[in-house]
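So the structure is just underneath, and the comments pick up after that.
Each chain carries a letter (A, B, C, D, E and F) given by its place in the written order, and its residues are counted from 1.
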Amino acid sequence: MSVVELAATNLLSPMVLFFVLGLVATWARSDLNIPEAVAKGMSLYLMLAIGFKGGASVAAYGVDGQLVLSIIAGLLLSALIPIVAFQILLRVTSLPRVDAAAIAAHYGSISIVTFLAAIQVLDTAGIRYEGFMVATAAAMEVPAIIVALWLAKSGSITADSNGALGSGANVGVEVGSRLDAETLREVALNGSIVILVGSFVIGAITGQAGLKSIAPFIVDPFKGVLCLFLLDMGLIAGRGLRESRKYLTLPLVLFGLYMPLIGAVLGLAAAKLCGLSVGGMALFITLGASASYIAVPAALRLALPEARPSIYVPMSLGITFPFNLTLGIPLYISLATLFAR
Amino acid sequence: MSVVELAATNLLSPMVLFFVLGLVATWARSDLNIPEAVAKGMSLYLMLAIGFKGGASVAAYGVDGQLVLSIIAGLLLSALIPIVAFQILLRVTSLPRVDAAAIAAHYGSISIVTFLAAIQVLDTAGIRYEGFMVATAAAMEVPAIIVALWLAKSGSITADSNGALGSGANVGVEVGSRLDAETLREVALNGSIVILVGSFVIGAITGQAGLKSIAPFIVDPFKGVLCLFLLDMGLIAGRGLRESRKYLTLPLVLFGLYMPLIGAVLGLAAAKLCGLSVGGMALFITLGASASYIAVPAALRLALPEARPSIYVPMSLGITFPFNLTLGIPLYISLATLFAR
Amino acid sequence: MSVVELAATNLLSPMVLFFVLGLVATWARSDLNIPEAVAKGMSLYLMLAIGFKGGASVAAYGVDGQLVLSIIAGLLLSALIPIVAFQILLRVTSLPRVDAAAIAAHYGSISIVTFLAAIQVLDTAGIRYEGFMVATAAAMEVPAIIVALWLAKSGSITADSNGALGSGANVGVEVGSRLDAETLREVALNGSIVILVGSFVIGAITGQAGLKSIAPFIVDPFKGVLCLFLLDMGLIAGRGLRESRKYLTLPLVLFGLYMPLIGAVLGLAAAKLCGLSVGGMALFITLGASASYIAVPAALRLALPEARPSIYVPMSLGITFPFNLTLGIPLYISLATLFAR
Amino acid sequence: METFAKKRIEIVVESPLMTRVLTLLDGAGVSGYTVLPVLAGRGKDGAWHRDGVVGRTGTMVMIFTIVDASKVDEVIEPLFKLVSRQIGIVTVSAVDVLRPEQF
Amino acid sequence: METFAKKRIEIVVESPLMTRVLTLLDGAGVSGYTVLPVLAGRGKDGAWHRDGVVGRTGTMVMIFTIVDASKVDEVIEPLFKLVSRQIGIVTVSAVDVLRPEQF
Amino acid sequence: METFAKKRIEIVVESPLMTRVLTLLDGAGVSGYTVLPVLAGRGKDGAWHRDGVVGRTGTMVMIFTIVDASKVDEVIEPLFKLVSRQIGIVTVSAVDVLRPEQF
């Protein structure tokens, strides 16, 4: 399939259309909303399912050095992207360094829903991928946060000697000083990582027999649940965008569109180094391109409270996520196909 | 199947029995209850599923003038029934006009769960129906509210010149004055309409391929979810009845039983005019007979706060809904069979 | 299968592994948690499903005296176990009599999730069981509570003449005086009994046809839902254990491990008397061995507020439940196999 | 606008007892009450710490009722008798209302 | 620490009206507000008793806003006009805050 | 019934900070606290308006603790230090309790 065909198919898939429905509903100011408990339940379900399936696939096809290699590549990628993003942001925007660092953290980390959506497209297109990519995804959640906090700290010193930068946010004396052991533990063991990795391990232990026994729960309805979940994502993304319009300057909006492409290229390089299959490459590229909007914001509220969520959340959720979901994924798959072998 | 057989089968279906279990549990004052978030989630699921299936069916069988005709007939029916209901209520009860208008609004609008239940019975009986009836159902939600507000307003003038009517409720100076553009928008774009119509459109776009991809989520478990949902409906209907016993005079209870029949006859006429199939007719009759208990109450609390929810909610939910679910639906299907062709 | 094989298979089943994941997550102090509404929804689903399947199976195989016999045996067993447990607790611990009675109530009553887990293991091992065991389970929920309240009351008199026993808890003048008709009604008609028995009856009425129509909801995804539910149980058990460490003395921990075995032996005797099949025996043993942690605590907070939940809840949920889930069930099935015929 | 002094009685109590408390308030003739959900808590029973909803029994609710000062003792005495044996607390504070006849 | 006296306006109102009340508060220029979910309630309309959430319309929310005493009348008058026709109550009480400029 | 004057410290704070605040209260030796869920809110950070729970991070909780007047400063100072850098507010008000030794 050409990239255009792939994009067209993707744009007309139930998944993307339900996301668009959510955006439209917010735009029309409908009161449609999905209870938080239900959304949380679906999100746990999706992570459990994807983790388990990944584990079961590893059990079936065996593990080799590639798993380890790919996890290491993921860790490095997650640490590298924020540095690139930070440098760009400092150049193209006049944001305080804390805000730039905070945004950078999001792009280094990943969006598991984008990852899920990419898997669906691969499945539909009949392209296989390495089951251990789930573990790689989990590994990429945290390093970006640590690197970004270090960037913010260095920023704080700069800000002290350069008061002008501090305007617009209370860039403070203690910036970056709060990544204590406790916060690190909280971030590294946040619920989504634990259920993802835990299910991956359980899937790997119980293998195909285990998968078969719970397939009617985690495999068959998966795609439908994802549609309902994406409807909620559309609603939230739409609301976030409306609330935060005033903070999103043109340079920031553009950054939200080209930064995933930069992440994608870095992800492609990493995947190439690991020698992954086309599907695995497509997923690695997607991970590089995707931006977090759950784990990272929660961590930054604790560790970098000076950074403004009204900027970083809508950038990741309102701009980059929709871009990846609609156009990004087909593009990344085409990229992978192009560069495979 | 004769109407008696149909009724017997219906009364002993899991669907109806779970509803009865809910009623019994309330009557025995059990603390059984379903969390609101779960009930809301199920309700979103049911509407998404029914909308999508309707749309996919339209995609498969094509659209013609009938869709448009049937929507127009639905709009008119929804506007006509409240007028009939209002006149009856003024004659058989001594309710203030605001309350009469409010009740009338409910009977002009529709109950999507009654509609779902009718579809299940048709499916079980192997009777086909037009997929676009979902769109007709959505179209019928709102007109009744506007007409009823107009009736209430006219009532307000009468009430001024005839103080006696006003006793029993603060029929006020400003009655009916609150259907501003904002309220109208809220009503027309309430969550259930948006997800129903949105899913219908998505179903129509993605067609049978889309349906197939999410069928394990929206088709297979549908009936079971509906059972659990009806258990909750039974619990709520039972509780509502108990709370509101004192407001439900005999004339009101009787109205709750014969008004659906009047709505049914009007629905039959509309269906006949549109030239629908037996199944489509049965659904149109059901829509005419059913009474709203979600969208209309919410709208009336905003636009007609003087009307008492302690009367209109239990009438619709505690009397008409159980009647339709148990005896009404088999009757309506028999009616449709009788008048088909 | 030998007991060791059975235990090994069980310990490596997705069900048990997800429970362990929950324990591990708590132990690592992850913030992983499942919204209460979702957990409640799953629990309703599991009870509806198991009740319905039991009823449908009774409809298929017919009812005879065994059902009645088994219910009577269940009632007696539930009344007997607390007496045994109480006597032991008075001897091996220095707990006030109210606390001893409260703990005893838990062991006489049952854990429906343990029951579900046992059914899964039987299903996996291909061992059939009597569908009416669901009714027996429901029957066993309440008698233990009444007996335990009576034990506590007798305890109160003793405590008056023996002040020393009262130390550690405000064993009061009115202990045991609060099992009025209202509380009894609440306990006997608590939500889980009503949905279990109600679904059982509906299953029995609608039979295999009814079961078939909702099987994609209540049969196919059942095992998967149970896994997610057990993850939540693991999280809760783990948290409860951590909170209550200080109250759990060694004698209490040991009691939580050997008391299920005593209950198991009594359950075995009861099952033998009723002449059940191997599967039915295994389930009866499991019921005898399992301890309540939902219905009984709720009832005791009303009827025996002096007893300390910080002791009885973690004993049942944190010690006995994990023991039964992991080692108990395989043992009970082996026991049943051994003593069958 | 003129306001009128009333009292707000607030009760945090374990969920199983909610119905009992509401029945008591009904009996005491209060004009109404409002029940709020509680997410977490800690008290002398220590057990309900943070996510400490062990087996869901541990959940609490918060009930408040606005009454005339003259009614406080009447309501609070049986209430205190009920709640003091259970897990929970009772407080009273001052509020102003707009329509005194409503409470 | 030094604290400053402010007023807390609290509104319990049926959910469908929430948006209207918040828009009103926005218009009245309050510095912020907080909305809490309500589990159950009873009032003169009696219908929302206990689990009495008939058809979900009956759910309530509780909104509170902390304002300067000088602002109370300004906020409370339109508020009272709105809420008095609906199911709901309004109360005012005294609170102390740390940063007076925040409210 | 005799009642005793105490203080109620109330904190509305973004959810990610909840554990920190509770640990702080534990450390300050309060006798207990209660945490209520929050549905929506608006403040100077404006972003948490109405359904404005952007990506769930924006949810808030409300924590209150009842303490003796003599303890207020001790609790409120570190609290204020913690909360002031975050999204949230702190208020103090007067309440009466029945059992002074409980708080």
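Here is the rule we go by: contacts are C-beta pairs under 8 Å (C-beta built on N, C-alpha and C of every residue); 3 or more make two chains touch, one makes a residue touch a chain.
Values in this document were obtained by computation on a predicted structure and should not be read as measured data.
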Least step count from chain D to chain F, where 1 means the two chains touch: 1
Labels of chains that are neighbours to chain B and to chain D: C, E
Interface with more contacting C-beta pairs, comparing A-B to E-F: A-B
Mean-CA-position distance for chain E and chain B (Å): 33
Between chain A and chain E, centroid-to-centroid distance (C-alpha), Å: 38
Separation of chain A from chain D, taking each centre as the mean of its C-alpha atoms, in whole Å: 45
Multi-chain contact residues (two or more partners), chain D: 19, 36-37, 93-94
Touching two or more other chains - residues of chain C: 33, 35-38, 40-41, 186, 216, 220-221
Pairs of chains found to touch, sorted by chain label: A-B, A-C, A-F, B-C, B-E, C-D, D-E, D-F, E-F
Residues of chain A touching chain B in the complex: 12-14, 17-18, 21, 24-25, 28-38, 41, 124, 216, 220-225, 227-228, 231
Chain E to chain D touching residues, read off their complex: 10, 12, 36-44, 50, 60, 62, 73, 76-77, 80, 84, 89-94
Of chain F, residues touching chain A in the complex: 14, 16-17, 19-20, 45-47, 49, 51-59, 85-87
Partner chain C, residues of chain A touching it in the complex: 35-38, 40-41, 44-45, 48, 52, 185-186, 189-191, 193-195, 198-199, 202, 205-206, 210, 213-218, 220-221
Residue ranges of chain C touching chain D (in the complex, touch as defined): 33, 36, 39-40, 172, 186, 236, 239-240, 243-244, 293-294, 297-299, 301-302, 305-306, 308-310, 313-314, 316-317
